[in-house]
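Look for chain A in each of the two complexes below; its partner is chain B in the first and chain C in the second.
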Partner chain A sequence: MNQFEKKEVIQAILIADNNVDQLRPFSDENSTALLPLVNVSMLDYALDALNRSGIEEVFVYSSLHLRSVREHIKNGIASLNSWSVNMTVHVIGGEGCRCFGDAMRDLDAKALIRGNFILLGADVVTNADLRPIFEQHKKTAKYDKGAAATLVFKEAATSSIRTGNEVMIAVDQQNNRLHHHQRLRLHGKESHFEVPLEVFLNNSEVALLHNLIDPQIAIGSPSMLSLFSDNFDFETRDDFVRGILINEEILDSRIYVSVLPRGQYARKVNNWLTYCMVSQDVMNRWAYPLVPDMGINCLAQQYVYLKNNIYKSRKSTFIKAALRENVAVQAGSQVEAGTSVSCSVIGKNCKVGKNCVLMNAFLMDGVHIGDDCKLDCCVVGFGSKIGAGSTIAEGTVVGSKCAIPAGKLLKNVVIKSVLGDDDDLVEKLGEHAFIIDDKQETQSTYASDSEDEVLPTAATGIPKVARVPTICEESDYTSSSDEDESRAVSPLVDDTNIFLAEVMDSLARGFQEKSNPDFLILEINSSRYAYNMSLKEVNFYVVKALFSLQDIKEPANQNVLVAINNVLKQLGPVLSNYIKTPDAMLQCLRALEDIYEENEFVRSKISKVVHYLYDKDFVSEDAIIAWYEQLDVEDHRALRQSLKELIEWLDQSSEEDEDDDEDESD
Partner chain B sequence: MKGQPTKEVTQLIHEMKVGNVEGSYNITAKTLKLFKKIINGPGWTNAEELMNVVRTQGHILQSAMPQETVTASIARRILKLIREEFELLKAKVHQFSEDQASMSLHKLVTQTSNDVNVDYTEPQQGLREALLDHLQEMETELETSSENICVQAEEHIHSSEVILTLGHSRSVENFLKRAVKKRQFLTIIIAECAPDSRGHNLAASLATGNVEIIVIPDSAIFAMMSRVNKVIIGTHSVLANGGLRAACGSYTVALAAKHYSVPVIVLSPMYKLSPVHLCSYEQDAFNLVGCAEDVLEYDSLASHSAKVYSPIFDYVPPELVTLFISNIGGHAPSYVYRLLTELYNPEDYEI
Partner chain C sequence: MVTQEFQAIILAAGQGTRLPEVLADSPKCLLPIGPYPLIWYPLNMLQQHNFQEVIIVVLESERTEIQQTLERAPLKIKMDFVAIDSDSDFGTADSLRLIHDKIKSDFLVLSCDIVSNVSLFPLINKFRQHDAAMAALLFKSGFESDVTLPGPKTKHKPERDLIGIHPESDRLLFLASTSDFEEVMSVNAHLLRKNGKMTIFSRLVDSHIYVMKKWIIDFLLKKENFSTLKGEFLPYIIKKQMSKKSGSSVAAPDMHSEVGVNLKSENDIFHYASNSQLEQRIQKATLFNDSRVKEPYNGDLIRCYAVIAPKDSIGVRVNTTLSFFAINRKISNVWSQFFKEQEHALISSHAVINSTQTKEISVGDSAKLSEKTSLNFSVFGANCTINPKNIINKSIIMTSAIIEEGCNIENCIVGSRAVVKRGSVLKNCLIGPSYAVEEGTKKENQHLTNADGFMEIDIQ
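Entry: the complex of A and B
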């Protein structure tokens, strides 16, 4: 008995039923923790991860769907799931527990946790070894009695799409203490971050990390639970973090940070976009050994692993169907001739008809798909039937047991088989298919809750299933022209084009961020030396780039003059820096000639544009007249025509000017 | 062949999966212990039943961890033991029966084929004890196998030779340690074996002796090969044709060695011999594909569009192997088939 007490049992808490609103309609039917991800329920991923970390006791906390979670755990133990070895799993739940904070308070009241514990959501997929982090936390807690928690983060590519799990943190490099925590916006990139000055004043070495994903894994001290009890306004974990950071002194608690080392993967599935991304990551073997072919929760191997990350069960049948890449097909499924499948998951006992195209489609168990269907970026729930010739695309989510009639075209909708009490019906498709409103408001309030600034509601929304891997990255490659990689990728582009692209980038950014024109000039000049441009070319391309800005290309209200005025108000100094000599002015007008060909708004208003430039003293009348005379009579008849009046007017005014000059000289 | 795994089998599979038990030697030792318990247990009354139990559990182990062939190999060896013991005991009973005594040489040779229909359900006295004796022998063999291989080090490694090895194999480590003790002026070149770079561990472990050690990246294997006298590598298992399923990079080493006509010596204790043939390079039959992040960082731009392939094993065809050194001596790859028939009964190849 003595020996038994000496050995410390590491405890873990799994919170099921988190973020319910974002995984509709499945969250209405069952616990989201039981949602299958590459044919294994997410709860099993989390339990397996804990088991691999050597955790011996787990409390699964569930409130909404307690019974089904309990059932699942019972079945798992009965069928010898791999997590059932060496680990005891308790399912506990509380009625009327509405949020993460309530769950923590309930756990505190139940007093089940004896020491430090690991806390994560049931929807986390990770292969991380949490033991070293746990030990580290214990060590920290020894020195700092107020250490409330250690948060675990994972580095990820900065350019990847925002899923709502990205955070920016300020952390003390010496003791890994968290000083600032900010969840990044879901849509669009921040132009600036606000970090309190004290963070830098009080600490000698602070690192700002902005490329982190928050998988919602934490190591908690016993004080973490009591902190939740003491502060009843803590609803989410973010509330907790923010509350501690603001009232560090009063609460006498501190939070520490640990970033997962290379080779350890962790991500949270809290909306359909992350569902899609994590599925692809699992199939791409980032979460190894939690990959389908290693038998995630059962003893025997279920899949045969083939080239291009194709996992197929030996008990599935394919009749001349093409499996392209990242495909997992469970036992008993059948795919008919002429169908092509890529980046998709097909559950147990599914039937896919002839000549279908499945891309980024996630089919759960028992789905039947008719012939000639097209499924792109969608999720189809248990036992649903999709009629022949349908197209389902752009983040559509079809709930369980739906029956969608043949030949439908569905984009970006949520479909349920039975209409619930609080669902807003949008359209009835059939006896067992209702398009419902997917309640985007809940998301926006959630976002503004977790963030101090209120986000524009129009832009928010639950991220949908989207084509994650290739397409987004490609666009990233081409746009990030200041990176070496893109240059290496496209060696054929000549220097002038790259120079033009860079200048355009600089100007667009400068215009958007209203940065100092002097800096822009510096930037353009450095680009100029990088690509060895002559001054003449620089003048030409700067003007061209300026007029190729998005605002001028597609002016608001089609009014190009207002747009040009706006742009030049900001970037005028840049233009006047380059366009000084008569020669440069000529180049400027030549560039305008190009723009005239490309931009129809400018074409219709060319004389006014030239007049405007003359008015603002960017070009002189001599230059305009010289340019006009150089214009080819045949090729530029239209241009000459539209400039004619202006030139005549200029001629007159210049004569007057000369008169004036003569007068003055007299 | 369906059946429930015993508690010990589940435990073993779990520990292998989690990585608490790794290395062929440890897995073999654990598996042996497990089967010993089964034989010791009350779950069988006659040879037939016991064979069924062993087959079932062996199959479960095999299907859970197909890449760890040693588990199934141990099951096969035990099956062969049961057959032999059963027949031996039976022969003792019928020692003086007529057909046995008057058996001609021809009959003796052809007899095995007729023996297919031996009735193993007959209860035999003393089978359990005999089997346990044999298992004890097997355990001793297992424990001494590494030592027995090491003893041969002096025969193969001479003073002032340049030896190349790859990664970190325990047999190779002990073998080289012995050689370092006995011979002077050795140079050992170790290819690091990315992405695990376990070659570094081997270098650290050998560095204590009076020996020059050079760690090279895998890309330098070919360049260094011209100076090498012998290649000594370990292997994960030996296939039925004498080919190797060895750490990724072994094929590079073997090909480079072939180009410079350097002998390739493979250290492989007998338990690593498996009666399986290579039928495809895909994972289902042969390989294991590892973690993507070993090769490419998750926060790199390419990580979402790239398909990362990081195989754990290489297949080395038998013609590239010069010699196998096992605990019972040296063998040519062409002799492996003969060793297999000694170890396993052909009927048990399919488990």
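Entry: the complex of A and C
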């Protein structure tokens, strides 16, 4: 009897209402935990996963839509949902809870958690067995009293697209302690990772693990909750991790890491892209036993499982429609003739018209789609109606109960049926269809090509539903110049550098003391002979030195043109002394190329600077054009771009000149 | 003559800048380690691995001395000495460049300062198995950790390397010195993207034993700006593993006829590393693949590997005074792990030993250890004289040193030809070469030397 009482009940905390911003417009209407994924709400996946790991008590923490979550759980228990066996589920919540950290603090205050616990979001789909990790954490905690949590990670496929859940971590090989945690950028690639040197000096073996998926599953010690209470600035789990890593000693807490074995699946649904990916994975049976035909929701068989991963309800009707692969169709749905469906989910009581094409389309319950529609990479909410002949594509999300008029073409937009208070209207499509601003800078869909880093904007666009590329992209080695041939180029502490330095000194002094340009020329010439410079080099370096003067480097009022004008008023004779021949002019412009790279003020005004030199007759039109043509199209794309207008203008004016000549000769 | 699979090269032209206290005027590679000179250990290791010949690179000025010493040592291996100009500042890569015409096959490079009992076969096999460009052997550090260096107390911070290895394939991915970084270490993201994971070791010591492809010599010959192997060439080739062969040379692999093309490709390391047609075909046909999704080795032409010596093996680089002291102190203890069958004696048969109280000592040729002495855990160099009534503990008495009567010496290095006069008590002291310690001296933690010329560099 005594033994029986001492038996430890493993507790788990499920945080609902995550990612409220990223799953719009659905998140405006209901808890994201209840969002159906392959016709089963996400909360059920998470509960099922916990049940399979042998958890006996679960606290579902919800704040925004507490009532609907409570109702869902109540219904689930009433209908003998598979997770309700041997597991008690409590729904708790607090009004003032605004973030993950608040939830943790509230839980700490309520003192419901007695020992180590499992913590995960309601948006996690996993088939991982968490018990061994839990046991491991207990062992660690016995050894290290400051073990606050064990984070669970999963290795990602070699080159999957970024969804915002990928991290790079540094872990001690010997005791699995976390030393560095860095979320990978959603857009664009990092060029370097920076890890404190200390980490390596203090630990003899540190593994850097890149591209791990963070499903936000953790095993927490009781101290984890109190740490949240003590540090009220911890808002998210990442804050917690960062805070602990920075203040390890002050907080006397440490975080450990566990990586799931290869066969186990874990993924978090935090935006529409992951929604799409996880749906596909579930249909592809990666998350087995969490697959549609296993009856996650209720104990009854809902689908007939056919080849090519087609899950078809017996109560659905198909009239000469083609189901290609990875399709789940719920009871009561009807698909008309000539329609082809692939990689899609169709909810309860949907109607899909004739000759439609559905690809990567996710239809929730009661959706009606007219004839001849084309749906590609989109989500359509409960009870929405889409008029005939519409095309909905590129990550469009249609909220519940929308009515989209016939023949619309919608790409990458968010549509709601009723305009909320804080929605920014973009366009009204109909009585029950408003395109709203999804509160992010418009960026092309993620699939298009995120590798293309032409515009390194700091956009934090949320990934949309997109086709998941199957081809692995080769990581390209963009080696920076300093490491590629660093050994090959010996440091330039040679004569040319000394010469340049001397010329710069001469010019700077000359400019300041307003000395006679002839003296300066004399000085430069003597330097020239001292360092045995060719005339070409002299031309090049004089221009370079001239533009490297302090006044031009840091022009007053940021106005570089005024600064150049001032300098050349004084030192113009020096420049014209050297830059005489067409060759020299070319050298002069080449030097300008260097300056262009170094000086941002010159960069922004390059065409004006060249124009100025042309105006003052330092360089000729021919030289400019010859120089422009020599510029490499690839390497100097930006420079060419900025010079384009000037060149066109020069071309025109020369033609006019010719015209004038002709006129005169007539 | 049959070409061997591997040639062996020992680089022994080092100046020993990190152990000036014990060096005196003798070459670094002749420092006594137990009963034998330092260079004997790598030579013996090669001999044990059935190498028949070895090329030894030495300084011109030290050549005769080294040659003479080695002729007396028990070695069967055929030695080919190559001398480099003593004045020139030759790096390790420069040394290799010098002997390029002697190298006909893939080769093994060793530094002369390795004292180790590790087997080289795992290293060589790794190299063979993956057709690698280069493979390096790494030791666990910490051999010296329990030894106090005699002399004034200094905060000794050894230079440490950060070595990144792919845990599944043993590919050597990253090599840098901790002093290259200040607060943060920066890793190229490409490296991680491509390999997924990398384990960074901070307490491994590069043994300076490398197996290399023949073409590396050809490449070094062209690229004169590489002066050292470890410092310059290795980081370069390790980085180069990850980069792709430039597109043009892939398209036209055999364009040697045109002078222009040829010139350009000679600057490219891939020109040297490129696969022959046969190798390419073999690689296509093989079932071996070390990567789950891509072609074998990710299609990398250059591959560097690292082999970590087993934990229980001994590997020390004798390049600091501390490591020199440590290996000597422990040599008699670990001798049986080096030579199982007592083939090499710790105590020279030409030594005169009258002492009855000895424990774990090694004694060089013609050393004279008198009666009524207690000598423990110490090394006695050739021709040294220990008079009666001495207690010597945990110390090194170098060649031709004399200890007069009634001394107590603990944890000291007594330099060659030094004299410790009657009744001295020395603890944790460094006695420089030829220094005479006056009668009745009592010193602790001192560096006693004639040469004022040593620059005291306090490395914090």
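A few notes on this one:
Just so we're on the same page, the second predicted complex is superposed on the first by the 446 of 666 C-alpha atoms of A that agree within 3 Å, B and C clash if a C-alpha of one lies under 4 Å from a C-alpha of the other, contacts with A are read in each partner's own complex, and residues count from 1 in each chain.
Here, a residue touches a chain if its C-beta (ideal position, glycine included) is under 8 Å from a C-beta of that chain, and two chains touch if they have at least 3 such contacts.
None of the values given here were measured: they were computed from a predicted structure.
By the touch criterion stated above, A:Ala207 is placed in contact with chain C alone, chain B being left untouched. Of the two partner chains placed by superposition, A:Val418 touches none, neither chain B nor chain C. With both structures placed on the common chain, the touch criterion links A:Glu155 to chain B and to chain C. Of the two partner chains placed around the shared chain by superposition, chain C is the only one that A:Leu197 touches, whereas chain B remains out of contact. Once chain A of one complex is fitted onto chain A of the other, the partner contacts of A:Ile77 are absent, as it touches neither chain B nor chain C. When both complexes are overlaid on chain A, the residue A:Ala331 reaches neither chain B nor chain C. Comparing chain B with chain C, the partner in contact with more residues of chain A is B. Across the superposed pair, chain B and chain C both touch chain A at residues 155, 157-159, 211, 472, 476-477.
If you check the complex, the residues on chain B that touch chain A are 5, 10-11, 13-14, 17-18, 60, 63-64, 66, 282-284, 289-294, 297-305, 307-308, 310.
The residues of chain A lying in touch with chain C in their complex are 155, 157-159, 168, 173, 189-197, 199-201, 203-211, 472, 475-479, 483-484, 486-488, 490. Every residue of chain C that touches chain A in the complex is listed here, in rising order: 160, 162, 164, 167, 178, 181-190, 192-204, 223, 225-226, 232-233, 236, 239, 242-244, 267, 292-294. Interface residues of chain A, counted against chain B in their complex, comprise 51-52, 54, 80, 82, 85-86, 127, 154-160, 211, 262-265, 280, 284-286, 288-289, 293-295, 299-301, 304-309, 325-326, 468-470, 472-474, 476-477, 485.
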